[in-house]
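Okay, got some structures for you below.
Look for subunit A in each of the two complexes below; its partner is subunit B in the first and subunit C in the second.
Entry: the complex of A and B
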């Protein structure tokens, strides 16, 4: 394990890059998820169709392919984003499709009467979503969103392949130099666990905190 | 026998009908292959209390839900205070704000305090400042006898208390008419009266009300008119005294004999 403790600062810089990428991508995935879920339950058929198209194309394509397509493809047409920003956009957009589906199931779990009562007091469709349905849907989707967050955290490791300097790439670089795969990647795994296990606990705490009696 | 206009308002009011407020003309509605409303003609005047009764599945609730367009109609016309119901959108939201609705299952917003349930509509749909909306909400909660529960969540209230909050929520919009869709059917017997008392109070104050209910006592004491529906049609429409003492149709007689016997 000497190689790990001798290079804690490499792990640390990769760790914080992973943390930043995770948080920024997760924020994007929530925004994308809300927009797409709203489209999927909209009264307007074209919006529903567009939302469905987004979900089915994005979640059924490998994240790695999307990363390559975005990062190398955009360069081809003369657009270029930094590695970090590309990662945030692609990882956020990809997991946004899953967030949208989780939210949609959450909306389905809010009784129909809630939306009817909201509309009956004169709220528009979007107001009834915003003030009545979504706040309740969020409470039922905390566990699936927690799963998506953890999956997203681990999936940020793919940024290694477009030369991101995250935790996995830090370990990979150390291994190239020292060829001690077992301690080096064991160290990386432990670092991911330091991130994911508290996240799981935090989502459990949020779930209990926002639970409402019905 | 199948007249659907009022013959005369019941005693207890001054007898003058207000302007036609809710007008249904030849309304037809189907759910898939099932037609549930047939050529419904119904006019509710300002200040009138119309009680709709009939066996379950007769279309009573659907009539209510069509009036604020929670259900769309297949043909015919519904106007509210002279304005035809608009299609989905801002205009419809604005119009719904004028039509109160009290549901059988209360449908209080489960994540909001009682007070916020009552203020949400005025603040978001009408743009009333929060402070003013809260003051009015407290007055309304006081009026329905539930002011002490303003900071509670709906799940902490009994059914009767929840339904009274729902009535306060509807009143907060200063609606032109309030519809009650079986407001006491989900309540324990001892809670029915606390809700009916509030409704009777409203009726006496001149609120225009359309009430779908099985509470015949309320129909007798508070209604100007009883509308009897069966199989998606309005079969009879009469003042409560006449309706209960000598219904015109066999169908109504049969229905009354079943529900009044026990």
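Entry: the complex of A and C
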């Protein structure tokens, strides 16, 4: 374990990189998810089709392939983003598809009477979504969104492959130098658990906090 | 996919339809504009020259990629089968009567579900040889995928077992079966059947995750695509596009199979077997229930 405690600063810098990447991509994924979910339940058939196309395409492609396509593909168009920004965009867009599906099923879970009531007092589609359905849908989707957040936290590790300097790459680099894989990788694993376990608890807390008393 | 009637909006009248058409055209123009801009810039760099795409019609290249896909599928299936066996074993251990077994497997499952798969694979590929464990890249990848996925599947199985009506277990005890017999003959077969759609969609996740074999390196589809790009540097972008298209085609078909199976199950059991959110989501499936122990 000495090698771990001797290099806490390497872990710390990787840790904060992972935290920043996680939070930024999660924000992007929420935005993408809300837009795509709205498209998927919208009255406009072309919007529904486009939303479905996005979800099916993104969900069925490995994240690593998307990362490569974006990172190496865009340089061909003459656009170059930093590794971190590429990661935020791709990881956010990828998990956005999952957020969209979670939100959509949340909207489906809101009792039909709510939407009927909203429509019968004369609210339009977007008004009923905004004031009645979505606020309730958000509450029911807290657990799946929490799961997506945790999956996203773990998936940020793929940034290592395009030379991002996150926790995983910190462990891999330390291992290249010191060749003590068990303590080094265990240290990184614990650091990930430090992120994922409290966020699981936090989402559980939010879930109880916003639960609709019935 | 047919559209279910939604109470959120009425069938569109003439004005609504007009608005949809106008909006679609505007959005379409915008999207086409962005895409066209990208195409123009790609074309300016000559990315659409047929020579760049031609390589993918060469039989040797097709065979090269097909073998990559084959390796991907083989690794996913091997890891899938092994994960099924170990996942079931872990699930049963976590539901065991013995507290020590429950806690130990609980810790094992939570640890490996909570750790990024890439970290695990890097540990296996770069770390295990330091301790004298040398396997082929294929088995390194299978090992990593199995450890991770068996932990995930264990929770899926546990959810399946716990979702069975308790009357099944009580009936098994009532006719004099032991705990082990009731599990083997009554509970597990039903739980597994119920989880079939979930298991198929978990295979999609496995296929996608096998792309992480890239870092070992294992010659799966993505690695092959990268290899092509290095051999034909002018076609690197095209290689990734082709690889992505192959993944989408395979996984989309598998996803359809899962949906079809789900529909059949719904028909058979009268209720939907719910696939929450999407395959990724299953990695963290929540099982909120105490261990399954005979009540006395």
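Basically, the second predicted complex is superposed on the first by the 214 of 214 C-alpha atoms of A that agree within 3 Å, B and C clash if a C-alpha of one lies under 4 Å from a C-alpha of the other, contacts with A are read in each partner's own complex, and residues count from 1 in each chain.
The rule is simple: a contact is a pair of C-beta atoms (placed from the backbone, for glycine too) under 8 Å apart; a residue touches a chain by one contact, two chains touch by 3 or more.
Here the structure is a predicted model, which means the values were calculated and not measured.
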Quiz item: More residues of subunit A in touch with subunit C or with subunit B?
Solution: C
Exercise. Identify the partner contact of A:2: answer first if only subunit B is touched, second if only subunit C is, both if each is, neither if none is.
Key: neither
Quiz item: Just subunit B (first), just subunit C (second), both, or neither: which does A:139 touch?
Solution: first
Quiz item: For A:43, is the partner it touches subunit B (first), subunit C (second), both, or none of the two (neither)?
Solution: both
Quiz item: Does subunit B (first) or subunit C (second) touch A:148, or do both, or does neither?
Solution: second
Practice problem: Name the contact category of A:125: first (subunit B only), second (subunit C only), both, or neither. | Solution: both
Quiz item: Of all the subunit A residues, which ones make contact with subunit B and with subunit C?
Solution: 43, 116, 119, 125
Exercise. Mind listing the subunit B positions that touch subunit A in their complex?
Key: 68, 70, 88-90, 93-94, 96-101, 103, 105, 107-111, 120-121, 124-126, 153, 155-156, 166, 169-170, 172-173
Quiz item: Can you list the subunit A residues touching subunit B in their complex?
Solution: 43, 111, 113-114, 116-125, 127, 131-132, 135-136, 139, 212-214
Quiz item: Where on subunit C is subunit A touching in the complex?
Solution: 1, 3, 6-10, 12, 16, 20, 23-24, 27-28, 38, 41-42, 45, 47, 111, 114-119, 122-123, 126-128, 130-131, 204, 207-209, 211-212, 214-215, 222, 226, 236-237, 240-241, 243-244, 247-248, 251-252, 255, 276-281, 283-286
Quiz item: Hey, which residues of subunit A end up touching subunit C in the complex?
Solution: 41, 43-48, 50, 52, 56-57, 59-66, 68-69, 72-73, 76-78, 95, 97-98, 101-102, 105, 112, 115-116, 119, 125, 128-129, 133, 143-144, 146-148, 150-151, 154-158, 160-161, 167-168, 171-172, 175-176, 179-182, 184-185, 188-189, 192-193, 196-197, 200
